[in-house]
Every structure is written in structure tokens, then in C-alpha cells.
Amino acid sequence: MTAPDDLERAVEATLFAAEQPLSEQEISTHLQGADVAASLSALKCTYAHRGVHLVERGGRWHFQTAPDLAHLLRREKEEPKRLSRAATEALAIIAYHEPVSRAEIEAIRGVQTAKGTLDVLLEAGWVCIAGRREVPGRPTIYATTPGFLTHFGLQSRRDLPGIEELRAAGLLDPVDEAFAVLTGGDDEDTDAIDPPDEESADRTD
Amino acid sequence: MTAPDDLERAVEATLFAAEQPLSEQEISTHLQGADVAASLSALKCTYAHRGVHLVERGGRWHFQTAPDLAHLLRREKEEPKRLSRAATEALAIIAYHEPVSRAEIEAIRGVQTAKGTLDVLLEAGWVCIAGRREVPGRPTIYATTPGFLTHFGLQSRRDLPGIEELRAAGLLDPVDEAFAVLTGGDDEDTDAIDPPDEESADRTD
Amino acid sequence: MDDLAEPALLDDEAEWGGIASAQTGDAALYLELDGWEGPLDLLLELARRQKVDLRTISILDLVSQYLDYIEQAKALKLELAADYLVMAAWLAYLKSLLLLPRDPEVQPSPEELALKLQLRLQRLGAMREAGARLMARDRVGREVFLRGQPEGLRVDRKALWKCDVLALFQAYGAIKHRTRPVVHMVRERAVMTLDAALTRVSQMLGVAMDWTDLRAFLPLDGDPAMRKSALASSFVAALELAKQGKAEIAQDQAFGPLMLRACASTGAGRAA
């Protein structure tokens, strides 16, 4: 670039260091009353093709990042995070039963589903809102996305193993103590007349 | 001027927008891992004659106003607080000798260093604690920071004014070492009648 | 000796400028007493006034000046910190050694002591000059300025959710497992229904003539769960029969055996 004159350099530095946009008058005052109009035009021209532009907004001048590069100022950093158990279950229910409403998910899970749980699935791009069910209250219904199939390496939803297959794979009979405790309430009425030592055996059927 | 390429514009915008100096690595990370070395050189060259310069300080890059325009830009209100004489000397000793312990600073200055003196330097972000010296008492040792290089406009510690001459003249060596060199002998038994304050700052090196 | 350098004069972090622009008159020098950062600092200032290179300075002259200075300060009744006096005593000793005929027995030689002092002054002088040069550089916020209103670079953290297909199937399996037992348990447990118990107890009651323990009405075989169920059903059946006036129930004590017999002919049932 051609060497700018001293006034242009001074205007450039003044605007660079300014903490807020400056009017032509303010710049001039800062520089012993010099006429800075020509310098401003020259600078605007000089910077027009650069990564930084000199712009005038409401009579005040400032440097800003070129609009086409604005996206550079924000960078996304991805942090791997494990999907929570609740979210995984909700996702499984949506996949097997879609489209389903939140109430239906809760009915199947037997547990309330926090709002954030579905948000996580929407954010992950595995689930989308598939409209509303035409019943009273018109609840939102959810379905899986093509991204879901891609991520989980499924050709289509028909690839989801059926209940019998899950059982055969041993996935339906997890001996899960945590769940036994959580759902212990269900068989309370049978436990009542059980001798205490039989209680634990009761849970496994 | 010739139109800069897209990468150069991106580096320019990134550095303009950054709130603190960025290393080449940081810029690259911000720009999807692009190799930005050439762009940095080109930009440095482009801006060399302008009112704003691109400078490298301790491996980190930032834009700043050209030093020759200081008289136009100096802002009365924000004049940084003057460093006390003690703090200035301590800073110089840390910069030219780093890492050094407080006792070593005191040995050179001939007086004890008030607690607040080092605190001022730590607070300014010019000095940091660089560990402990593995000698009896394990004294804390101090070194300068990247912020020190930025503030004083030093590309690296090699740019410290006169450091090569001082080193060549042996003025960065401890007195005892220099003395041994000059007298060609060991001076172990001279300590008994050393000048008084030298002993107060017990040498740890 | 640590306390000799105790900072009696250090509490004021004297401004550098006060010294750098020090007046040259001797009177001013004495008044600046509080400005010295210890004896070495004073010595260096005295040396600087000689306007010669520290490497060639006459330590003897310097020592004399220091001692004069201390004497005059005393005459002016200025309070001197202990370390100035200690230094004065040491320098007086050094001076005497330097002036007396050389005694080869004295080790180290006074010249060596003088050299050491000179080396110390050189080092302090070098650092003082380095500090001044450092402060005179183009400093950020004084001579050069950073961008006044940087837009800032933002890093948005985005969660990259991780879940594999097995975890998905396991989750569905877990739900199915969790919701299955409700149906399952009722169907699979061996039970005696109330109707069955009623039939069984009334039939057996017709045969037994005397008080009979309720447990005698239970099937002899069957698993423990079946026996429990039969016991409960038979008890309810017994109550029902008593209500209908077809049986009598008696129990001697709490938790004792529950005795049962058929009512002969009276229409009214009685529970004891």
C-alpha cells in the first residue's frame, strides 16, 4: 500500500484506540483542529478490501470487522458429553413409538420427563417436532430425524430390533438393582405377607 | 494496495477483534487450523508504515498504535501509575536475571525489599511466581510474564535494553563470581569482613 | 546481621524521579536522606556525582565522601538509620586498611574488599540504568495503545452428545423390563382364588364334625407361595361361611390357631 501521510496515520491511530465511535469534529479536536475529512475518505477507501472496515454510522466513525468475516468472531467448540440415562430412554421411546407426545413418553417410561431432556435431544439433532396431535390440548409430538439414523448407523427405523430380539440378546433381562429399588413400590402389596427372607427373591421374577 | 487474500483478511479481523494478544497457534485454532505464519508476516509488512502496527511480543501478536504518534494519543486521564523506584529496580533485576529469589534481588539492591514492592509487580501482571529454588529454605523465585513483554514492547527477553552488553561485561553475574574471575582465586574466607549489607541478603545461588 | 538492613528508610517507596532529578547542592543532598534506599544507594549516588565510570572510580574517595556525609548528617542532628552507621563503620575500617602500609597478613587485602564494593556498585548501577531504560520504552497505555473497543472473540461451547446404538437398545430394554412385572407377577403366581377356597372349605367342613384348625383345610402339597395364598383365601372363605351362618370360628388367643366347625342347625353365625 502507498505510504499514508502523517495526518491519515494519526486519524487511523486515533480511531483505532478510541473507546467509542468518534465524530469528525471529535477527531479533529483530538488532532489540533486538523481537517480530517480527506483522511477519513482515504482511510475508508484503503480499508474497503481489508478484513477490517472503517465505517460511518450516524456521523460517527469506527473500525469494525468486515461483515463477511463476522462469523470468525464466534467459534464453536464442541465438547463430547454423554447422553443422560433419562435422555437415552426418551430417545429410545421416540424411536420405537414415534410420533409420540411428551405425555406418552412419560406414560411409557413411567417417570416424568424433564423439559430439558427433550431439549437435549432436539439440540443433538436426533429428534424433531413432528407437529401436534389432534386431541384436546393439541400436544406437540416428536419423531426421530434422518440424523438420528445416521448417527446410530441404522438404515431405517425397521432396523430397530423388536422386543423378542432384545430379549434374545439379553437386553430385556438386565438385573438392575437400581431399578429394583426405584420400582419396589409396585410389588408392595405382595410383599406384605411374605416372610422377610423371601423378599429379595421375589424381585427377580 | 494489493487486495489481501481471504486468509490474510481473516487473520487481520481476528487480531483486530481479539481482546488480548494471540499466539500463532491460537489464531490458527480460531481459523480452522489454517497456517497463518505467512499471513502474519504479510500483515506486519502491510501495516509497517501505517498509524497502527502489527507487533509480536513473546510469541503473541497484537495491533497497537504506532509509537511515533504517542504525542497525539497520550491520554492524560489514564496515565499508568508511576512505578516506585524500588519496584522499578526489582522489575529490572527480575527481568535481567530471571528467575530470581527475593534474596537475590536484595543482594543486588543492598536493602530489603518491602512486601508491597513485589506485590505491585505481581498485580500489574508483569511478574509471576516461577516456582521455588531447590536450595535450603526453598525460596520462591520470580520471573517475568508475557504481559511484561507486551507492555514494554519487547519481542522477547533478548530485546531487553542492553542485556547483551551487560552479560558480556559480566554484570549479570553475582558479585562473588565476578570477583573470583577478577582475582583468579576463590574467596571463601573473605566473607568475614564483607561489606555489611551483603550478608543480610543471604545468597541462595 | 539480617536486621541491619531493616527498612527504616524503606517504608516510603520513594519516587524514582525525585532522585533522577536530584538537585546538585550538598544541602539538598542531606535533605534527601529519606530518599536513599540504604547505604549502597547513597554510595552509588555519591559515585554518580564523580561523573566517572564506576569501573575506574576511586573507592577511597568514595569512602571519604560517605564518611563526610555521615559526619555532616550527624552534625545536622539528622537521625540516621542503623545500617548507614554500620556501613560507615565498615567503610572507616576499609579506609584505614587502604591508607595504612600494606600488611600481607590481612586477608583479604583491602584492595580486594574495595573491588568487591566496586562490583556491587556496578551491578546496582547497571540494574538502575536498565530499569530506567525499561521505563522509557514505548509502553502500552502510555506511548502505544491497543484497540479501544475490540469486538472480542467468543468461543461458544457446544455439547457434542454421545450415545451409541447399544445404549439405546439397553435403555429401551430397561423401560420394558421396568414396566413388565405388573402384568407378569399376577399371572405367574400360584394362587387359590376365593371361590376355590369357599368350595373347598365348605366341602371339608361338611366332613369334619368337630373344631378343626383352619390350616387343616389347606392343600398338603404345593409350593410355599401356594400355601400362603391358600391360607389367606381359606381365611376369607371361613369368614364368609361364618357370615352366612354355615360355620363358627374360634380363637383362644391372639395369633393362636384359628378353629373352625360347621354350624349344626342354628341359622345364626357366631364369631368368637
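Residue numbering begins at 1 within each chain, and the chains themselves are lettered A, B and C in the order written.
In this section, contacts are C-beta pairs under 8 Å (C-beta built on N, C-alpha and C of every residue); 3 or more make two chains touch, one makes a residue touch a chain.
This one's a predicted model, so the numbers in the text were calculated from it and none came from an experiment.
Among the remaining chains, those touching chain B as well as chain C are A. Distance from the centre of chain A peaks at B, each centre being the average of the chain's Cα atoms. Spacing of chain A relative to chain C, judged by their CA centroids, is 31 angstrom. Centre-to-centre spacing of chain A and chain B amounts to 43 Å, using the average Cα coordinate of each chain.
For chain A, the set of residues that touch two or more other chains comprises 13, 16-17, 63, 65, 73, 75. Residue positions 145-147, 151-153 of chain C are each in touch with at least two other chains.
Within the complex formed with chain B, the chain C residues making contact are 1-7, 10-11, 13-19, 37-41, 83, 86-87, 90, 93, 107-108, 112-113, 115-117, 119-120, 122-124, 126-135, 137-147, 150-153.
Residues 14, 16-19, 30, 53, 62-67, 70, 73-74, 78-80, 82-89, 91-93, 95-96, 106, 108-112, 114, 116-117, 150-154, 160-163, 166, 169, 171, 175, 178-179, 182-183, 187, 189-190, 193-202 of chain B are the ones that touch chain C when the two sit in their complex.
Residues 145-149, 151-165, 167-182, 184-185, 188-189, 224, 228, 232 of chain C are the ones that touch chain A when the two sit in their complex. Residues 1-4, 8-14, 16-17, 30-31, 46, 49-52, 63, 65-66, 69, 72-73, 75 of chain A are the ones touching chain B in the complex.
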